[in-house]
Amino acid sequence: MTFAVRRFLPVAVIAVAVLFPLVSGPYPLAVAQSILIYMALAVSWDMLLRSGQISFGIAGFFGIGAYAAAITTLTVRASPIISILLAGACSAGVAFLLGFVILRLRKVYFAITTLALAEIFRVIVHNWGDFTGGPEGLVLPSLIFKGDSRALFWISLGGVLLACGLSALFQRSRLRFALTAIRNNEVSARSSGIDIFKYLMIVFVTSSFIQGIVGGIQVQLYGYASPDSVFDANYTLLPLAMALLGGIYSTPGPVLGAVLLGVAAEYLKLKIPYGHLVVYGIIIVLVILLLPDGLYGQYRRSVRDRARMARGGTAHA
Amino acid sequence: MRIVVTRPRVGPGRMWQVVLWTALAAAGTAAVLLWKPTALVYGVQRAGLYAAVAIPMALVLGIVHIVNLAHGELMMVAAYLAYFAARLLGLDPFVALVPVALVMAVLGLALYQVTIRHSLKAPELNQLILTFGLGIALSQMVNLLFTSQSWKLSLDYVSASATVGNISFGVFDFVYAGAAIALALGLRLFLTRTRLGKAALAVGQNPRGAAIVGIDVGRTYAFVFALAVGLIGAVGSIFLAKQAIFPLVGGPYTMKSFCLVAMAGVGNIVGILYCSLALGLSESIINSIRGYAGWSNVVFFAIIIVTILVRSFRERKA
Amino acid sequence: MRKAFVAVACFALLAVAAFGQGVIKLGANWPLADVSGLECSKAAQLAVDEINKAGGVLGKQLQLVVVDDEGKGDKGVAAIEKLVTVDKVDVLLGGIASGVAVAQVPTLKKYQMVTVATGAAASASVEKALGPSPGSDWYFHLHPWDYDQGQSYYEGWDAIQKKYPNVVIRRIFLAYEEGAFGKSSFDASKALFGSRYTFDGASFKSALQGGSDYSSVLEAAKDFNPDLFIWAGYAQDALPLLEQSKAMKFSPPIYLGAPPAWPVDMGKSPLAEDIMLYGMWAPSINDISPASRKFYDAYVAATGSAPTSYFAALSYSAVYIIADAVKRAGGTDAARLIPALEKTRYVSPLGQTITFTPSNIIKHQGIKNQKILQWQDGRQEVIWPFEVQSRALVYPLPPWK
Amino acid sequence: MPDLETFGLTRHFGGLVAVNNVSFTLDCGEILGVIGPNGAGKTTFINLVSGIYAPSSGRIHFKGRDITGLPAHKRAQMGISRTFQIIHPLENLDVLENVMLGFIFSRRMGLKEARRSAEALCGSLGLGDLSRDVSQITMLETKKMEIAHALASGPSILFLDEVMAGLNVDETREIVQLVQRVTRERNIGVGVVEHVMSVIRDLTHRVIVLEAGEIIAAGPYEEVAKNPGVIAAYLGGAA
């Protein structure tokens, strides 16, 4: 793929995405807005994964963001956009404080701790009735932009562009070097002068910030937040599956994965009203087995092999 | 995620720690006994259930090094098998325990050969999402066949009760504690006394080294996975006796087992008994404080985080 | 001039759409993976088939389009958008979970299409989101709100205590599952019963969410020593709760369960004998209400199995109510359909005539009163309201068998 | 005052004492050989000086400042670099990017400047075709990349942990000349851990001998080579 196409493609994709609402009816927009929410979460999760840290706490920071936005909208009458920004700040703040303690953990222990923290956030919100509305949740007086389908799509797209923008920024900056080194070998990274804790904190806070923002957007989209809806385990496991099926350690991977799983879920539901989730589970299993590197990962590997063949080297398995 | 199977070694330096912990535990138990004795009974029963469900997952994670997110769903499938054995063949769940475990072991072997075996070389995340997909497929297939209707056997021995003074409480749930202890000790003996068990332990600790000395690593993985699914099948059959079953019953148990296994340290099967006891008791005590029952989950997860952090601090110092 | 032309074109287009195809479309969303949702879609389809066989409505056939809302808010919104903009349905119905309904309210308000809701009891979220009349007049809430249920039970126990002098209730204990359903039931009941009775309660984790131990809530109940013990949870909690109560020798004079649906094999358990329950419909109503008998036989004939909850009868009624209103309105546009629906007097299979009257906030609330029933010989027998009573009350709860 | 000096450096893992009371000095421009049988604690010694392990006791001074408590990345930024006996090239970065790390994080350069500096450094070490994957380069090129990776941090003290291992005679000579050139040009103090005695003889100004974690001999190579204790340490028998 020549350099020009590589530069032009992202711009084209964004253009198509921005113009999509002008040609589509409210139903595809409603489906798309939900897919965009999961897409932004998948990209934010992948950003942290580039450091080797696996987070199971997406739903936790997503939920904190949702509740921060709901509470600020209801109590201090914050405007929707302000409440979304406050949501991001709140999640980032919580991540920053927790980071000092949990960023020393690695692999399954970090994953479990983030999973446990997400559950603790849910139980706190669930039981802190008078401040958070308890198990029945909070209802906002109105939706952002008075619920206009196109505007809701654009705000969700804004969340995705924020996530992809930060992700691309990370890929083009020293952060890519630092996170890749940390992921590959921490001892070698430390002896290259990389302050591991600092860079882990930067990427952990940034990905939590995005998850908070997207949580805030979710509440403004549906005008409602309850412990079981915004802390739902699906907001952790689906973005994970989307990033893996799409291709990890990249921005396009999770985006592709979100489109694949999102569209498949809705399409299957219409075609096989009873039992579409069985096929959905089987699709996840098949794609993981046939494309271990994910769609984009497989594509990237074939490009690299072709380039290597052109240079006379052997195609490395 | 090659993690060595760790066993808590009580070195001289740590003896006073052990003494301190047991003294603390004894004082705590006495206090609770006076205040609300049944909290202890139900704490032990609850711990038994958590441990019995978690141990087979620890076996898989410790030896085959994969996180099986379909663990709870496999227990659910076994419970459905036991339900049909009870309804159609009139077998009591404890009688159906062995046949169900065998059928599940075969199903586990088939699942392993068809799916998991091909993703072993991939990073552990792939196996995680693979089993996540398997879990969805299994639970939704059962939902498609039998709807989300919940089924329950009504066996009278399940509400057997004992009375101490004026307090009477259910005793059936001690079966879970018995099953957990049997599983832990049985596996401990299997892994350290039998040839096949020692081979499995070796594969768990160093697959390449085991292969060099002639152990067929692939076959050991398949055997251990099938064994684990068989064991969770047996637990599923016992589970059916007291609990209602429905397609999504497995999910919460997968997550709790996953947390317990990580808390006990990967591969530390006996450690799971201690951890689930700590969790069961603390949950039960908080649960019995009027008005704070909702907070018992926070205790569960808080203890897990603290244990993981303490172990990482201790490792960081060593 | 141009504005008039556009109006005429619009009307023509609408007319063509409505009459051209000769079909009246009903759009519904239910959680199809959930057994109650599945039964709703089957019962609604049964009603549509019956009406079409009898000549349809205004000479046109009814068509039911069902979309699975998977019990999730975002899927529920997508379902409404699909039904309204893609399938271009004329009337909306359906729904079970409050969480889905409250997420749908903003989208429904956008279209102001006539909606007959067969679920959503949580008034604190759904009714508040709907807002007062006339803004919410397009919404016909068939399912009772949580405070309607509470009020109905309050009257029920009052009537029962008058008819059966040996039944004396002073202390009531409610064990509620810690989620939205349980908490809203507790809040509503406490507000209503608190004044006249000594009312208390405690929460438990339902088996639906992985709970496996009811000891602490039952012990709290035992300490309270209630005359009436109620639990608000799910079908998964029914028998395990009874088994643990028997083990703990906890047997209150009245032991009552209020799950949305009961497990299929509940009747087979000896422990179920004389356990009371709140509900809206039960097979025993067939003996008293011909409409119920007709619905039950038709449902069993069409699906091969009996309905396990009142949601089936409710969805069946929703279709008939809409069809009847469209017939009287002579069309499906809101301006005429809403007044027609307001004059609904439908003899439903639930053993009562359904009319729409104002509730605390919205103007069109359908069913308000519930029924108090009792498991006798493996069957749910109606105890109250007395006009549909099928068996005498057994009081107090005999010792555990 | 020596550039790098340790006082009674000790480290034990549980009961095992890996490095015991080691005191030594190293100045810029000087090449010090560190020899001793396998398991003598040479790599642990390097890990202590480079900050990978924290010492159980003893102090480390660098350019007059006590750096005992400083983490590894701070020491790398201050000018202490090392190569690894078991080399861990970072797979998802190509050869050039591996070398760039030191420039980016120790020398705090921007990406463009770091890329240019890395290209120049690799050129000077005879490393070509830098966009190749790390899994495709020869053993010699891997060693050169490892040295380049260490030099990228702009060190004034460099430890080479058995960098000659696995190289044939010609390759070894090329690396020895390369180390001598680099030391002269950049005035670096180099600690060389090696088993190849010919390399120690040609390359080092003086030598220290480690055995069971302790220094048992020090001085010019010829003198140390004749020391009976050292011979016994290598060939076994009573020290």
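Residue numbering begins at 1 within each chain, and the chains themselves are lettered A, B, C and D in the order written.
Here is the rule we go by: a contact is a pair of C-beta atoms (placed from the backbone, for glycine too) under 8 Å apart; a residue touches a chain by one contact, two chains touch by 3 or more.
None of the values given here were measured: they were computed from a predicted structure.
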Shortest chain-hopping distance from subunit A out to subunit C:
1
Pick the pair with more C-beta contacts: A-B or A-D?
A-B
If chain centres are mean C-alpha positions, then the most distant from subunit D is chain C
Suppose each chain is reduced to the average of its Cα coordinates; what separation in Å results between subunit C and subunit D?
76
What is the distance in Å between the mean C-alpha positions of subunit A and subunit B?
31
Using mean CA coordinates as chain centres, what's the subunit B-subunit D distance in Å?
48
Using mean C-alpha positions as chain centres, tell me how far subunit A is from subunit D in Å, no decimals.
42
Each of the following residues of subunit C touches two or more other chains, namely 33, 38, 178
Indicate the residues of subunit D shared as contacts by at least two other chains.
none
When you check subunit B against every other chain, which residues touch at least two of them?
140, 143, 251, 255, 294, 297
Would you mind writing out the residues of subunit B in touch with subunit A in their complex?
1, 3, 67, 115, 118-119, 122, 125-126, 128-130, 132-138, 140-141, 143-144, 251, 255, 258-259, 262-263, 266, 294-295, 297-298, 301-302, 304-305, 308-309, 312, 316
Interfacial residue positions of subunit C with respect to subunit B in the complex
33-35, 38, 178, 202-205, 207-210, 212-213, 215-217, 219-220, 234-240, 242-244, 246-249, 263-266, 268-271, 308, 400
Seen from subunit D, its contact residues with subunit A in the complex are 50-52, 71-73, 76-77, 81-82, 84, 88, 90-93, 97, 100-102, 104-107, 111, 132-133, 135-136, 149-150, 152-153
Using the touch rule from the top, collect the residues of subunit A that touch subunit B in their complex.
49, 54, 101-102, 104-105, 107-109, 111-113, 115-117, 119-120, 123-124, 126-127, 233, 237, 240-241, 244-245, 248, 274-275, 277-278, 280-285, 288-289, 292
Sort out for me which residues of subunit B touch subunit C in the complex.
38-39, 41-42, 45-46, 49, 140, 143, 147-154, 156, 158-161, 163, 168-173, 242-244, 246, 248-249, 251-253, 255-256, 284, 287-288, 290-291, 293-294, 296-297
